[in-house]
Amino acid sequence: AAGLMLGASCAKPTKVADPLSVAVFVPGIASGSPIYEMLVTGATRAVDETPGARLKVIEAGYDQSTWLDSLRDAAASGEFSVIVSSNPSLPELCAKLAPDYPGLRFILADAYLAGNPAIHTVLYNQKEQGYIVGVLAGLVSKDRAGPGALRAALIAAQRYPTLDRLIRPGFEAGLKAVDPAFELEFREIGNWYDSAKAAELAGSLYGSGVEVILPIAGSAGQGVVAAARERGKAAVWFDGGGYALDPVAVVGCATIAQDRLVYERLKLALSGDESIYGRADVVSAKGGYVGFDRDADAFRALPEALRAAFDEAVRALAEGRPDFSFDTF
Amino acid sequence: MSALVSLLAGSLAFMAPLAPAAVGGLVTEYVGALNIALEGFILIGAFSYAAVGAVAGPVVGFGAALAITAVAAAGADLFSRKAKADPFVVGLGVNMLAPAAASIVSQSLFATKGVAAVAGLQSTLVLPGLRISDIAAFAVAAAIILAIAATPFGTRSRAAGMSPDSLAMAGLDYGKARGAAHLVSGLACGATGAALAASVGAWVPNMSAGRGWIALVAVYLGGKRLGGTVAAVALFSVMLSAAASAQAVVELPAELLLSIPYFIAALVVIVGARRTARRRGT
Amino acid sequence: MNIVRLASIRKYYRSSAAQALDGVDFELESGEIHAVVGENGAGKSTLARILCGFERPDSGAVYVKGAPTSFSSHRDAERVGIGFVPQYSMLATGLTAAENVAIGHEPRCFGPFTDRRRASYEFSLLADRYGFTVDPDAIVASLSSAERREVEILRALARGGSVLVLDEPTSILGEKEAASLFTLVRRLRDSGAGIVYISHRAGEIVNLADRVTVLRSGVVERSFAAADVDECELAGLIVSGTACVDPNARRAGVALGEPVLTIRGVSLGGRGSGSLHRVDLTVRSGEIVSVVALGGNGLESLEDIAAGVVGPDEGDVLVKGRPLAKWPRRELRSRVMAYLPTDRENRGLSPKASVAMNAVAGRLFDYSFAEFAAGSSPLTDAGRMLGEFGVANWKGRRVDTLSGGNRQRVVASRELSGDAELVVAANPAQGLDRGSRSRLLSRLAAMRDSGSAVLLLSSDPDDAAELADRSFALYRGRLTPIERTGSFDAAFSEALTGAKP
Amino acid sequence: MSIATRCRFRFDTIHDAGGTKTAMKLSAALASAAALAALAAAFLSSEPASALRAFFLAPFRTRTAFLSTLELAAPLAVCALGVIVTFRAGHYSLGGEGQAYAGAFAAALAAPILYESLGPASAPLAILVGALAGAIVSAPSAIGKRLAGADVLLTSILVSQGVIFAVDWAIGGPFRDQSSNLVAMRAIPRGALLPRLAPPSTLTAASIVALAACLIAAFYFERTRSGTAHDLYGRNQRFAELQGFDVARLSWAPIVAAGVLHGAAGAMMALGARGTAIRGMSGGIGWSAIGAALVAGSRPQALPFAALLFAWLDSGSRQAAILSDLPPDAGQAIKAIVILAVSARPAIAALRRRR
């Protein structure tokens, strides 16, 4: 170590990064995660279309407490001028780094922070997303459970602001739009990966008469799907990729147009538009950024009338009914 | 009444994957090795079940989980003995290596580093809270219990832990006894991992979720004895299942509920030690 | 025809840089008791361990019944009938006596399962055959040292029995147990077995052995028929340059002083036949008081009481008039009391620490902060103290690489180098060769002469006979004074076995 | 004459009992570790050369990277020192993780409050608060050991695990920064943090404190009477008691001292680069610390090197993900392999023994 230490003391000064060099910071692992795969796809497209631009994908793994260190290493490497990422928790971390690396810019999807001149954030209206799966869950429950007690459930890995303020109320609003008598059960797992415990929680909910569950639990959501499969019940999914987990049990999947969004915003940035930084936008169903994936057998297998009612609700939402819009979060 | 049934079912569901790992941890404890790598070996077991099960079906997958994990555990012990590496550091390395290796292999096998759901690997429920895979896990645990309670393997393992010299006096090799114990604990962790993966029919990164540590704690809470360990496993299963069921009644924070069994257990240990000390009159 | 023969055996220990054996030839005939003697560290235990397959020689050959053999473990040696009773207990203390003997050869039932009942039964058969009375199902940790030794002997005899190697078997046995061991050993010899018998006690050897081999620094110095020498000559041969001392020719006229240790009406229960019942004992400055007992009669309890390891259930223990429990330990041990425990591995030594550290541990806090930090004076002191008891080559070594006797010398160096007012010495000469033993005993006598009070607790009446001013026998937890009139030995054996004179 | 004896790097002391020297162990192990890691990188990366360069050299290549690696090593060294203090007293405490986490939590809680009343002088006090929290978490084990002789390994791991869940809850619940989506507490005001010595690197005075602590501990164990008594107690408690050492104190004080050190290390993390307490921020530091302590052979003087090794591996696996195509799990795998290799006795020494 001593020799290396000497080497370090005569290191070169930090170099100035190429303005067209982009890092995609994946706060997790891209492979197997639809949102992060879309993040990479969108950014790649924007870079491919911009002559001279370069792209590097950095995977940071799932431990959120190490993300700051990874971001800092990326910034300190001096290789990048724009860092693109997607995760609600990133703005704070980036804001912490920004003062140390004044030239660096951040574009963060699925996040919200206004007023930092180095950071542009875009938030999906996840209340609408929740509403969409809420309506579907309500319709399916009512269809299957008949006139009994109307209950649906949300199983979360842990509680966090977007969940409490957007997803959960949106989901509940969707249920109540179907029938105001709906009650929402809420369960918490405690982490993002204990699928066996998720299965256990889901199993007992299904056993007590719940027909549809929405898991917001990362990998642990697999446990909910598994429980639905073996009891012939249903799950609805968030953010895409749900149908692949089970062709029957997952009956619906709300989506976000992450690849399009990232493409558009990065394109702007690479074209030299500095005005986006400091801004915090919210995108919604109206612009087609929040939607629903119809392309699955499980969805097509739902009763004709049910699907018609659901399509109607989604169309109305895109037209602003009900209105879930908000500017500040 | 139904609450009681669901509590019991939940406890069984929690206990099935925990029991083998705890018994496996006990075996290595017998030979005097603190096995902190249970967590890593459970992951190896779970992944092997999914990976082999995907090609050869759940039964072969279960067997492969046992075999692969046993070989891995024995290998780690062999490394630590032959290279004179500190077993604790080796355990640390295993816990770090297992999830990383699983992820790398998963990428080439399932083309994903995330959840890999495999059709047909979910084991069927035979009772509420009890799957075929759980019964298999209990069977593995029972077989190990029988082996340590009633065969020379148990006595020799304990002798190895108490005094390696006493084994040498019987012309037995301490290293071999230690290796055998690790092999068995690998089998056990394989069963735990397979039962976990079979309960959701998929490989989920990190799916052991601390069960290896709970198993280790159960071994110690049970005074490193067979009966005590089994009782501690049962106690933990009931407490954790109760903490989960409690969410149906009040929306209590899951994490705070999870912490309670540990504090209670610590209190039990201290009070228990105090009473033993009194009895000994010191 | 010899059953076992060792030819030009060499063994070097890297960790202690010791050439333990340096070209040793050794033969054992069937039907003979072959004693191996020599100073501490001469290589006796190493020879035994190689003979029994625990260690492999660096070079040289082992012949069994004339055929060259190489043992890869003790199992191989067992297979040709070699049994071993080690110098230190090698039992799994949490298992039962029967389990310890059965281990490796467990009887089975229903396929792979251990037949516990048969293991116990076979153990009792074996015990009956050799006249032992240990309970097969007792956990070893609950047995006394003597009983543990019996278990080890039974383990050695359980298989084969054509060769039995005993490494200082009597060092922790009382006279009675020793006597029955001798009977057993003779019986085995008469039935055609070969016995290797390692011991420092010349008396035993002269009575027991047919042949004697003397080792010195890893080399065989002499080998001769036991009938050719008497006890005194033999003692001289074991340790070069030590004349035979007449045991009773000491005792300078020293004035008796104040009581230093007072044990008054002390009872201690819960230890079976080793419990104490209303024991009274006073040791004054300027005298050596000995208490002798056979195993299991409370000597270990009395040791615990006198050293303050446990408090009595009833009664008082005073040191210089102050209750022992009230003494600050550090002050007591650094200024007042020296203690040589029977259990030297656990109480007397810190086996994994350096030899030097073990030597100065007791006076750690006598150094000033600066003196200790500088480091040279503790090291010099260690050298001086160890030198006094003849421990050589100790630098940079851990205590557990020393031979058994040398470890005891380290304990003695530490405890007896100061001028303690009170010495509690329990079996102080265990495992010491003749020379070290007499050096130790004369040191105790010298301390007495300069005004120390010495309590000598021993299972060896010889220690008492040589040294003590007053003697007591401890039988079933009760003390009986022994008058030094008439036959000392007779008085002892009566008191020790409870036969009232 | 063996290499080990010739390379003796310290004066003879009363402690010297021979054995392999730690410096040699470390360096020889490093060589074999590097070779193994190269092999691993060759399989796991499409550009092994740049992956390896990133893994092994990037943490040292720039001043910033190097100083940040040093800073990463500081809390680890302090934790590992806590491990050594307990292990050398023969108490096998595995509770470091929870103690460090509690320390971070308490410091993040106290720092803003202290800052309001004290201004920039608040940082050392906030570290003390963290140390106190660590001590409180260690207290049940210490009390249990002292009064009841309760097994420290067991009580420490149980209490620690319970505390981890409780702090997870506290950071994610009542004390959470409601305006943020990161599961973390309110950011500590900049002025209340440990001052940066060389921005943009994260280096603070923590690494100097850590180094000093290691040297003091080395002096304590090698050259003081109490340290020696402590060591002897750890090796054989009965013996230490009979030599008249203060065994009552040794039965609990090292456990609390370790709690203090772990808590302080956690506070250093919160008051350093992270700037607050984040859910899960202890990130296995308690376990790595045990690894580092064992690699250092329980010798505080070797600890700075061992901690630097662990920090370097951490930083290297991150750098490799950033500068090459080595995915994080591959970095993690290499890190594991290096740790395994370092834990092995140096191949050289083994060969020498064979001959």
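First chain written, first letter: the chains are A, B, C and D, and each begins at residue 1.
One rule holds in what follows: contacts are C-beta pairs under 8 Å (C-beta built on N, C-alpha and C of every residue); 3 or more make two chains touch, one makes a residue touch a chain.
Bear in mind that the values here come from a model prediction, so they are computed numbers and not experimental data.
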Inset, instruction - Could you put a whole-Å number on the gap between the CA centroids of subunit A and subunit B? - result: 34
Inset, instruction - Take the average of all CA coordinates in subunit B, do the same for subunit D, and state the distance between these two points in whole angstrom. - result: 27
Legend entry - Between subunit D and subunit C, distance of the C-alpha-averaged centres to the nearest whole Å: 45
Inset, instruction - Return the residues of subunit A touching two or more other chains; collapse runs of consecutive numbers into ranges. - result: 29, 158, 190
Legend entry - Of all residues in subunit D, the ones touching two or more other chains: 165, 168, 172-173, 327, 329, 332
Inset, instruction - Select the category (line, ring, star, complete, other) that matches the graph of chains linked by touching. - result: other
Inset, instruction - All pairs of touching chains, please: list them by chain label. - result: A-B, A-D, B-C, B-D, C-D
Legend entry - In the complex, subunit C residues that touch subunit D: 14-15, 307, 309, 328-334, 339, 341, 346-357, 360-362, 364-365, 367, 369, 372-373, 375, 378-379, 382, 395-398
Inset, instruction - Using the touch definition up top, name the residues of subunit D that touch subunit B in the complex. - result: 44, 92, 140, 143-144, 147-151, 153-155, 157-159, 161-166, 168-169, 172-173, 287-288, 290-291, 294-295, 327, 329-330, 332-333, 335-337, 339-340, 342-345, 350
Inset, instruction - State the interface residues of subunit C toward subunit B in the complex, per the touch definition above. - result: 53-54, 73-78, 84, 86, 90-95, 99-100, 102-106, 108, 112-114, 155, 270
Inset, instruction - Would you pull the subunit A residues touching subunit D in the complex into a rising list? - result: 1, 4-5, 7-9, 11-12, 14, 23, 29, 56, 58-61, 63-66, 68-70, 72-77, 79, 87-93, 96, 100-101, 111-112, 158-162, 190
Legend entry - Interfacial residue positions of subunit D with respect to subunit A in the complex: 57-58, 60-66, 68, 72, 165, 168, 172-173, 177-178, 180-184, 187, 199-202, 273-275, 278-283, 305, 308-309, 312, 315, 318-319, 321-323, 327-329, 332
